[in-house]
Amino acid sequence: MMDLGHTPTTSQPSTSDEWDLDGDTLHEECGVFGIYNAPDASALTALGLHALQHRGQEAAGIATYDGKHFHLERRFGLVGDNFSDASTMERLAGTAAIGHARYSTAGGAALRNVQPLFAELDGGGIAVAHNGQFTNAMTLRRSLIKRGSIFQSTSDSEVVLQLIAKSRESNIVDRFIDAIRQMEGGYALVALTRKKLIGARDPLGIRPLVLGDLDGSPVLASETCALDMIGAKFVREIENGEVVVCSEDGVKSYRPFPRQPARLDIFEYIYFSRPDSVLAGRSVYEIRKAMGRELAKENPIDADVIVPIPDSGVPAALGYAHETGIPFELGIIRNHYVGRTFIEPTQQIRALGVRLKHSANRAVVQGKRIVLVDDSLVRGTTSSKIVNMMREAGASEVHLLLASPPITHSDYYGIDTPERENLLAAQYDLEGMRNYIGADSLGFISIDGIYRSCGYEGRNNDAPQFTDHCFTGDYPTALVDVDAAENHRAAALLVETD
Amino acid sequence: MMDLGHTPTTSQPSTSDEWDLDGDTLHEECGVFGIYNAPDASALTALGLHALQHRGQEAAGIATYDGKHFHLERRFGLVGDNFSDASTMERLAGTAAIGHARYSTAGGAALRNVQPLFAELDGGGIAVAHNGQFTNAMTLRRSLIKRGSIFQSTSDSEVVLQLIAKSRESNIVDRFIDAIRQMEGGYALVALTRKKLIGARDPLGIRPLVLGDLDGSPVLASETCALDMIGAKFVREIENGEVVVCSEDGVKSYRPFPRQPARLDIFEYIYFSRPDSVLAGRSVYEIRKAMGRELAKENPIDADVIVPIPDSGVPAALGYAHETGIPFELGIIRNHYVGRTFIEPTQQIRALGVRLKHSANRAVVQGKRIVLVDDSLVRGTTSSKIVNMMREAGASEVHLLLASPPITHSDYYGIDTPERENLLAAQYDLEGMRNYIGADSLGFISIDGIYRSCGYEGRNNDAPQFTDHCFTGDYPTALVDVDAAENHRAAALLVETD
Amino acid sequence: MMDLGHTPTTSQPSTSDEWDLDGDTLHEECGVFGIYNAPDASALTALGLHALQHRGQEAAGIATYDGKHFHLERRFGLVGDNFSDASTMERLAGTAAIGHARYSTAGGAALRNVQPLFAELDGGGIAVAHNGQFTNAMTLRRSLIKRGSIFQSTSDSEVVLQLIAKSRESNIVDRFIDAIRQMEGGYALVALTRKKLIGARDPLGIRPLVLGDLDGSPVLASETCALDMIGAKFVREIENGEVVVCSEDGVKSYRPFPRQPARLDIFEYIYFSRPDSVLAGRSVYEIRKAMGRELAKENPIDADVIVPIPDSGVPAALGYAHETGIPFELGIIRNHYVGRTFIEPTQQIRALGVRLKHSANRAVVQGKRIVLVDDSLVRGTTSSKIVNMMREAGASEVHLLLASPPITHSDYYGIDTPERENLLAAQYDLEGMRNYIGADSLGFISIDGIYRSCGYEGRNNDAPQFTDHCFTGDYPTALVDVDAAENHRAAALLVETD
Amino acid sequence: MMDLGHTPTTSQPSTSDEWDLDGDTLHEECGVFGIYNAPDASALTALGLHALQHRGQEAAGIATYDGKHFHLERRFGLVGDNFSDASTMERLAGTAAIGHARYSTAGGAALRNVQPLFAELDGGGIAVAHNGQFTNAMTLRRSLIKRGSIFQSTSDSEVVLQLIAKSRESNIVDRFIDAIRQMEGGYALVALTRKKLIGARDPLGIRPLVLGDLDGSPVLASETCALDMIGAKFVREIENGEVVVCSEDGVKSYRPFPRQPARLDIFEYIYFSRPDSVLAGRSVYEIRKAMGRELAKENPIDADVIVPIPDSGVPAALGYAHETGIPFELGIIRNHYVGRTFIEPTQQIRALGVRLKHSANRAVVQGKRIVLVDDSLVRGTTSSKIVNMMREAGASEVHLLLASPPITHSDYYGIDTPERENLLAAQYDLEGMRNYIGADSLGFISIDGIYRSCGYEGRNNDAPQFTDHCFTGDYPTALVDVDAAENHRAAALLVETD
């Protein structure tokens, strides 16, 4: 899900982990969830979204169908803050529900962009929630507007809805399939109609989607951790290019696209998915530890302590420590009370910067040669400050190791990456980056290293097992909108604050 | 503007004058305003809407165009509470603006129903605000949905927007005209495009719309009082069936409908328009006083004091007092601090009922024969309580006179009337009504009397000068949706709380 | 009740009638209410305060005792907005309650200044609400602080509470009397203890307080209109200098001060009390009409219409019209939807100024010689704008008559008057004022005229029947704090926003 | 700081980490901070409080003095959410400031209980913030009320303020000392007067307080991590029984109490202080690791993985892992987005319970013999659920080890412990506890073990180096209020919601 050039004029409250000094983090934009034929469907959906909250903390929404009406609630803020009170949950009546947790770009957005989106169709309604990004959304949007469609949001996800509404197919599943066949990009979709819960994954399976079972009720979720949360059993992954339809007749599978090998986004392993999730049969936590071990093999350093940059660097740091025998220590303490902290920092607070979220544990660091381990390096601004903080705390040497290769390209499949010119690795070579960061040494895992961590011998360059475009520039689909170079004009017509 | 069977599950705050004990009041549903080519267009629009606030207090919205973007702000509550702070007004940049003040039915509605509504069209955007009601909206809506349109609101006004978006005409004015030609009903519309401000009045001119001029900038408003507020000069009324287009080329007039005599809604004189407005060349205040005089001629009563039911009954009561020489006295004091008062009244408060808003001025009433004068009688519940309150305050006789005929039929052109079975005059004859109210006598002005008050000899039954359907059942247009008897199903699919 | 030099740094929302262009209105600062031994005591108190809302709209509070605990709720805003929901009213459990409606000076204040105030005493608690002002509060406050008292508010009312807490008397009534004996000024007080409801009026009876009866339950209220609201019978006024104590033993009267003739503040008749209230046996409405008649005798004008400045000028205008036979007409329409309107007016709105609240009814005014009637003239800024608005609407002559004498002195008994140098009548002679206002003529009722309107032959200068210090400078009590010229330093130590 | 029997009727939002299923956590109630003679004193105080946020997340307040006025802002919620916007910080003008972060008991409290508290004294004002609890507060409060003091809060901290106000000493430092000499208990106090910043620590030094220096400006803080946050140097700890006064004359030390050995609360090492703080010369992180090693020596277990209960159990688990060589693994993932989550959980959410905050990392746990390490065991409810969650995730053995001895006694010095009958270790013997928890084995560190972890040979029973009353019942001061057994009556007179 992506905002199409919309530049809202007010900011919505951002939540804890979004806070970063200068956008020096990657953000997955969404998590989706759906459940069919279960009592308390909305409460279960709220729990599922809570488990997926790491995929998007800005806003959340739930749609239900109670046999007569659809109910839709969309709110800014955390799921738990908005979908727990009795009155909200009572309004979300029904035994089928879908939900969406969303991260959004720069500074906020209007409520009408929050998902699920809803459309009244001839013969019923449909609610849709989307994780990912369509690479031809702008192009299709312009064409639909020419044909008289009115868009209610500036979200690229609405294009699917409009295509469904416009489809000449007679039944809802065919209309849904008709719509996604016109879309390019990476996506996991869940949709709710009066009689069905639908799930779909893009032809390459770039974004994840799993099927679970809760006492006979089918469940769809971005990650297995959402199944664990509600006590549902994992059944299987939705395959790349597959559409599943849950109804009174059980779960049916459709394959509207030509078969091809899956190419999951490798970043799901590196950063986005929760460590306790299992993705394509592999434990995310174990993959990350393996990356740490691989990192150690590729970048052995003579040091006193291994210090993870919390929390994302912890599993790789453990792997590094296990591989090398160097003690793993909490040399950086993370402050979990950042909240929406310091939204308008004074100059002084800005200068103290990184300490709002991380502080040095001097007892661990002082006089030591330390290896900092993190998952990835984006702009480098935070890393630079953390390295400096370690030196101020008395570290005698500071080495920075990353459990992913240098990020040299932007993403167009649902990850909010900086413009390419702001990616540190797109600006500098290794020594330039090291100098910018101020570390004694800087190291990255190799491209093949991450494939090895996943159990392969290395990257199969003829048919890569994953999509790794941020490291390689090897985009797995056409980038229609980018090529049309018209992104910026689209949908910027209206500026509205809710 | 009418809600299409939408039954929202939460209530928005209602504002002062909406508060009534049991819906015993008529409500106009909207006021519209537009200005073109004026600095501070949004501030002027806010002022204009403030002057039209009596036409709708539930919500308000303003749309502007700044040469590059449209800006839209819609809020629940009074104009002055929402459109006065610097940051909101700065966001509403531009020299052209339209605005809308809205009353809404039963208990509230979602923000997406608040106007202006906006659509991005091929080659530009359009914002539309609507006072009135379309009598074939549901029928058209169903047809549009069949053809793939997605509605963002449950408001009947959106049908116009969808028809504009779907029109095959090439320029925006032709598309607008193409759309309204398909609509039936009573309406005043203002619309804002990138280069034009458009105004339109229904073929019969049921709802009012005037053209003004502020230092060369054209202004559109539901009533002249909005022109007075901003210091604009009155130019002329928009004629029935006329479309005016304000652009850099000045104000152009279009006549897309066959010419026919106008039939303004007589209720604009009786109740809705502000007393200081001038409508069809007549002062509303003077008409109301004339109705009071006519009432006195038709219903002479031997009494000690004339007591208006404030505030709506004041001009007629003055007319009655002037005609008869009986003293006009404030026998009922109105509490203007009702606010959103007592939204959840306790049983005890409910029992004390009417006193929250009105209290007896015993010094005026005690031992006196009083004539209460009000503008109209709807359900009769409030009148009954006021009569009783007068008796408790010691009145020896209580007579109730109404400056309008008995209301026997519902409205379908933008007035929120109770179902017909709840209209007192549809249930009882005169004596039955008097008995229900508990007054010593009850009198109404005659149908011809109101026409005489407006300067005619009486009603021209062959070609009535106004529409007076609530008194006569003589509906001036087809009631397509009512006849299709399908109102209730439509648009009830989605229940969403903002 | 007066704020002691406290200059808060944020503003609370002001409510409708407080809105005035440049503070050109007088404000009574409070209304009080109490009820003993009645089911739903808090709901009845909310209703009573609603009826007293004209005496203060900024904030309100209610304290109850339920046999075990005191409950206290204090809120900014209208009574009806804050004391009607079920949960608030349930928290305010008990059969005895007191309440307070408050207007406050310049821009707002902290919640801790909102009344009732509460203190835990040895052997019980006490809640106190106060209308009026103590003229020696600062002096006593300084002395109490020296002795170790900690003040929780900057309200002068808290001095009473501190004196009660410090009193060496053994029972609560004696402690209360001990406290008020030390206070100077004008006040009506209600207090609630575990077993008693106490009411007290200052030795001269400057501020009003009445005793009512609701089915055997004693009621105290600032005005009779609050008794009418809840259906209670008027029993009698609390006399000047009287303390009444309502308990299981009935209502007992105490006379702790030397007897002296009462001197009610004449402004209660002129402006503050509600027209349907009866004060010292006289109908406020009838007194105001009598003032209008007296004004006509003293200032006969050859004019076409009498136009009240709404709403405060209406009764006097009716009196003037009745006396002279010149028609009474609504030449100015008041906009009741001002709300908290236009808190931050833009320059343009500021220029249009007075029209936000008042607009000219051109049909009445054009080409006419009009007499504007208002209750009083304070700074003159609003009057000047209204006169100008009348001229713009086409009036051929505009005369302004005031139903009170020129205000030349500030008040120190609970009315929020401008500093003396800002009172128009303290700056100019009659011709100077007329010139400032821009009227063709300007007239005031005479001092003796207002006494005649109240049924006297004139002012008894040896023993004036009322206090009329704002017109005469004849302050009826010592002005201890003013004489000590130390007002400004006191209590300005702390600035806190709630 | 302790609430005195106050049972408020509404709940304030609780923040993230407070959320626990059934109060199964210990809560420190406060952190304090002060700075003198520094530009941006309030911004630095906000940063300092942010670093101390782990000591209390319910509410925070800052008081400043700008040379003329004191400014006070108190808010519910996180420091970063409330003390970062420009307007708030501008209001908090001045170069001297104190601040307070607060946790509060069961369900919320009124804003007037939030600190700092303020009193206007003869000759100036004083603001006070307090961490800890006075064991004779109720007794003193009753005595003060008898003498005429009015309490503005129900907080025991206000007693200090009232004693200062009442003191007959002539200067403010002597009055402060006079006051604390009358108090019993554990406390760290900071106070701000017009010319001084005062800090004080109870005679035994039960609660911590340190002195720092920021470019010549003295700083006081509960922990060294707050000094690190603002870049201040650690100078020294305030000694037990010491009062320090920072003024233009520098930092002066007073010793108003007889000298005695310090007895820091051992819980500061075990749980409360932040791992990167240094307390009494010892790194909290290193002490906790040492406790883990000691735990391993006392409770060696043959297991496959060491799993910390995050986040509090991490350092001890690392120590255990280092000592034993068993791998440290993240077998439990903590959800940091709990927010104010699920304030009104549905029954279903309640059943899923512990997963909202913690989830099992099956890949680590399945088929393994695991040792769970946590810092302490209170009620046992959460531990029981976590043990069960580990079994459901496939653990073959689950052992629970605690890095503190069994908690058998309540605290009265500022820690919010359950009533004694709800402490698991007060109800059961070791086997009973193990059975309740459902673990295969349960182990605690010994009393001597924790002393050894701190560098001693063991507990000196004649003169214990710490206070460890929760484990031993050896309370270091008189428990005046407890002995008077009158806790419950006090201050419960008033129930007020802000």
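By letter and in written order, the chains are A, B, C and D; residue numbering begins at 1 in each of them.
Here is the rule we go by: contacts are C-beta pairs under 8 Å (C-beta built on N, C-alpha and C of every residue); 3 or more make two chains touch, one makes a residue touch a chain.
For each chain, UniProt lists the protein as follows: A, B, C, D = Amidophosphoribosyltransferase.
For clarity, every value in this text was computed on a predicted model and none was experimentally measured.
J.: Using the contact definition stated above, find the chains touching both chain A and chain B.
T.: Shared contacts of chain A and chain B: no chain.
J.: As a test of understanding: of all chains, whose mean C-alpha position lies farthest from that of chain A?
T.: Result for max centroid distance from chain A is chain C.
J.: Measuring from the mean C-alpha position of chain B to the mean C-alpha position of chain D, what distance in angstrom results?
T.: 61
J.: Nearest whole angstrom, what separates the Cα centre of chain A from the Cα centre of chain D?
T.: That pair's centroid distance is 36 Å.
J.: With centres defined as the mean C-alpha position, give me the chain C-chain D separation in Å.
T.: Here the centre of chain D sits 49 Å away from the centre of chain C.
J.: Of all the residues in chain D, which ones touch at least 2 other chains?
T.: none
J.: Determine the shape of the graph in which chains are vertices and touching pairs are edges (line, ring, star, complete, other).
T.: Contact map by chain: ring.
J.: Could you please write down every pair of chains that are in touch?
T.: Once each pair is checked, the touching ones are A-B, A-D, B-C, C-D.
J.: Once bound in the complex, which stretches of chain D touch chain A?
T.: Per the touch definition, chain D meets chain A at residues 15-17, 40, 43-44, 46-47, 50-51, 53-54, 57, 77-81, 84-86, 89, 225, 228-231, 274-276, 278, 283, 285-286, 311, 314-315, 318, 322, 327-330, 333, 335-346, 348-349, 352, 355-356, 359-364.
J.: Within the complex, which stretch of chain D touches chain C?
T.: Residues in contact with chain C: 9-10, 69-74, 91, 111-112, 118-122, 124-125, 142, 145-146, 148-152, 161-162, 165-167, 491-498.
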